[in-house]
């Protein structure tokens, strides 16, 4: 395979380019019997929309999902589910100038090498963040399926540039607040600081990165396929498939490297008749298997590479050094729009693995 | 699949348990025509051995590799390559007591749930760090194959507990020094501090974690299969398949979340007729494709969960709370032994992807 | 996976239902740099159309292909290629009556069991022969790719019911004549007898089966991946994926069971500096690898199960015996329309394997 | 992958060469909790042994199976199951002479092209029929698993050269008689004629082919994954992976090509509260899904290519024509030894698919 499919039981194949006709997702392996309509998917897509005026790309992306196959009389049939979003409002002109001048931080240069120059470079083509809308569509299906089994997936912004969320937030605050502010932070004061951090960078023709935390609640213990298809490995793989992700950590993550075993180990107790741990430094995964505790993963995003500031680059046709100032419409920070994408990646991985171990059956009752 | 295979073109399947007959690796897809003998693999296995007296498990693991198939008259044939290491010096007694009392931080509890109690729990069974010896065997083959194409893979310890490597080290220092000290650090002064950090934890019946940095040099630009089989995603997946890994980051990694685009972007210039970047915050990968710059990845390991200190746990048969003190032979820090494993994971991922894009042919000339 | 994808290097995923919105194919792994437009695909689809008036379904299937992704400025980009055909002229009314009465010879009954009754039964849904139009679209791409490497794929009808092709036909006759008559037979006299055989069955409210022979010319020696992905096994797998196929044989096939080794072995000689065999009982494949001789495969199709004649069946809701007379529009013989489908399956399998062994590169020059 | 693995849920990977150290099989995905010991596998391997003196290879193949992993205290653990058979009594001398002179009907020539001459040609290497002993080991596990779910797999010889089984035989006769005579035919009179047919060919330095019929009883309806992983397609794929197979047909098979729909359709009735069909021309599979009726498949084997008779071939090093008389120890008819291999292929395919659809769970109760 050429890398456009992921999963073994709930398999997502995606296609389409940023400035092509459309982008689409095919899910093979969604169990039969799930009630599904376009209204289930649209709200997830809407969460990916640019939020506050002044933050995010001004491109008006009215992404309208269409389900093209796999649903009959309101229920999934067990046949492949194809969903698409048509591309509109596309202006490819600025990309012509960039054709031989790779933008620093973008895939332009290695993509040209990899595909012998045949790749569709308009709007980044297959390498555009826009492709993650296909993850979100598939994620919407996965989330609906998971809810049937009581599993909930959340995500929130915990850092934008130099501003980080310092106070603890409850699941309830995440549920309630995240999509109420343009930066997708569960705390409104921090959200305001984050918003300013983005606007400041934007005003300077620059961009900022950030960190998103994802959480999955009520995943039963024992989900995962070690050795190589361990739950964390597969989740990390899918998260690294989001453009601009440069780091992924579970539970205590990088911090655990500085910890003692006696601090880091999560000790077992019984609460309400269930085996639980007193802490959750493992982030809900041990040995590649879910422990029954919340799955917690943090995802680091680099700053948007497209910036107005002048940067050095190379004219690949003449093989000479030159400079570039990236015009066009670009988010000064993609983190807020990545929040539903992180949710989607977590949900898709969980759906895949819960079907694999048989927790979710092939036909729903 | 049940997760015991990884890769699409250079496919590793592993089998065996910590206290079973043996552990083994089958590689399907190694190109024909690679000179290969046991002496090529043994040194890599030896790098995984416990180093200094007093650091690492006292279990005498004289891992002797045997090649059982796939080599004829000194060359790989293109048929599957099976390599095994027999288990010796195994004492499973301590594990009987732990059978119903899951050790905090280990896979014991979720594994019991996942496999209905049928899993071989002796020495951790399939969940033992010992399984990574199969990665190392496969990695030795991958490294030999990569060297044919001028690609070199390195790794070194950059943190143990609270001690981190502060000074920059050159590739040459890494090549020369890493396997000269028991903690696998390229700087001898830091190495000594790290050694003490481990000994101190050990003396207290405790353990420490750490960070390993892996590097791949001379990977040509354009290697990788976006979207879902991007080079970083596949490398991260394999690294998260090493037990105890809790975080993976490429290039500037989590730090890039706090950076501006203008700082983080790696600008292009021409040096010696080749397109290179002035910095390497991307860690050699953009859009899931290699850029031609060194691939740099950091891997966070949690502290060894097996500690002598008393911890709370649960008797799963009686469903009542209890305590555990983990005896047996355990590394107070697995990081030094993980260094060759990180090398192996990087090498295996690169071999797989370089075959996939055709940079490495199916028959060597 | 749920079985809607096939191939490892040239991967076809298909979606859609007979009476749904559309049917579609996604190819992942088509090399970059292949000139491709809708006009390359349409003629192959047109070959699947009902031929002579009076033979084949009266449903007017004006299948118009649309390429939705993967092509940029007339060339494949290396990104997934999505192609669709919209469904028109659909009348699902007759299927309501059949909902609980499975048609003998159709997938109705096992599909209902497999999908818990959620499957789209209209027009056979996913089990309709219409789905093979997606094979044909993908096959058109594969054929264009193969031609670049001098490989040609042919197919022709050699039996319809009791009428079989008795005289030898040359490749040139196959090329010239097959699509000139409605039964796709290379000999015009036999074609006329076949036509009558079909009309006779149709007149009696009955149907007939037949045999299609497929041929691939100029496949270089050494293509295939034994053990389990042998070229014949993968080709047979794809051919058995055509609805109504009940047998597949290569070269002398079932006849070789009655032969002596001395008769059946194809002896080697040198002709024009190339190693060739005097006979081709192997059908161009030995040990799962192409020999360089023409690949020859024969595919047996059962008679169309949908017939007007009264048949016994069961009302699955009431669990009582009943009868059925299948109305609607049905081919009395699907063999002629299967000819381009057989070509497609052969071409797709060859493209997949030629990329796998590196004979076809990932980027065309 | 390079083709040495098959299956998606019950995945068989095999390794080893005819004249190497050993041959082995790894099963990934065997459910946990199946009682398994070497004594379960050995009888299946023994069925593959040469039967009557004077029929079959005189090579004394005392294939002793060893289980190396995946079983703990008598039960499968859910971890990969590795089983091997060591090679003994190997004389590779005759193969040196054949190195540059490909034997007609063998894989020698295409294998040399495919693997650039690096393949282990001794005894046919990976292309030897001996490799099917790994299918039989895996098949033994699959059969034991299937029996737990009441599924039984049978096979018997129905043709040897010009002698075919003419009288109907019951399942009970197959169970009782097949392994009681050296040709594996359920009828003792026909068996004697078949034996003579083989001896006659052998006496003339020649060989014969034949046909094996495989049957699976009590497979529940609805097993299979259409479109591309249909049950018949996957079973045919695995059967074509047996060396020397040239044809596969289900139910009425090639004969259905001459039939009318009204004859070929299997009409539904209710018997004992179950939906069954009056005939079974479908061979138990419709639309790629099991119907609940017996699965019936016939497999055509070509005559053994290794014969003493002089044949034309080519010296590939000098590129000149020459002749060859194949010495060494060769079966004049491999069909009897293929009977347990056909059983194995059917059982493996069914185990894989029954796990896939969830009929067999991941942990047995």
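Each chain carries a letter (A, B, C and D) given by its place in the written order, and its residues are counted from 1.
The definition used in the following text is that contacts are C-beta pairs under 8 Å (C-beta built on N, C-alpha and C of every residue); 3 or more make two chains touch, one makes a residue touch a chain.
For clarity, every value in this text was computed on a predicted model and none was experimentally measured.
A.B. asks: If I average the CA coordinates per chain, which chain comes out farthest from chain A?
C.D. replies: The most distant chain relative to chain A turns out to be D.
A.B. asks: Counting C-beta pairs in contact, which comes out ahead: A-B or A-D?
C.D. replies: The comparison resolves to A-B.
A.B. asks: Rounded to the nearest 5 degrees, what is the angle of the rotation relating the C-alpha atoms of chain B to those of chain C?
C.D. replies: About 180 degrees, rounded to the nearest 5.
A.B. asks: Between chain A and chain D, what is the separation of their C-alpha centroids in Å?
C.D. replies: Taking the mean C-alpha position of each chain, the two centres sit 46 Å apart.
A.B. asks: Quick one: report the Å distance separating chain B from chain D, using the average Cα coordinate of each chain.
C.D. replies: It comes to 39 Å between the two C-alpha centres.
A.B. asks: Please work out the Cα centroid separation of chain A and chain B, and write it as a whole number of Å.
C.D. replies: Spacing between the chain centres: roughly 26 Å.
A.B. asks: Which chain B residues reach two or more other chains?
C.D. replies: Each of 1-5, 8, 14, 114, 126, 357 in chain B touches at least two other chains.
A.B. asks: Which part of chain B faces chain D closely enough to touch in the complex?
C.D. replies: 1-5, 8-9, 11, 13-17, 20-24, 26, 28-29, 32-33, 68-70, 72, 75-82, 84, 114-116, 118-120, 122, 125-126, 363-365
A.B. asks: Spell out the residues on chain A that touch chain D in their complex, using ranges where they run on.
C.D. replies: Counting only chain A, the residues touching chain D are 8, 357-358, 361-362.
A.B. asks: Can you check the complex and tell me which residues of chain B touch chain A?
C.D. replies: 1-6, 8, 12, 14, 102, 104-107, 109-114, 126-127, 131, 159, 161-162, 201, 206-211, 220-230, 232-234, 236-238, 240-241, 243, 246-254, 256-270, 273, 275, 277-278, 281-283, 286-292, 300-307, 309, 311-314, 316, 319-321, 357
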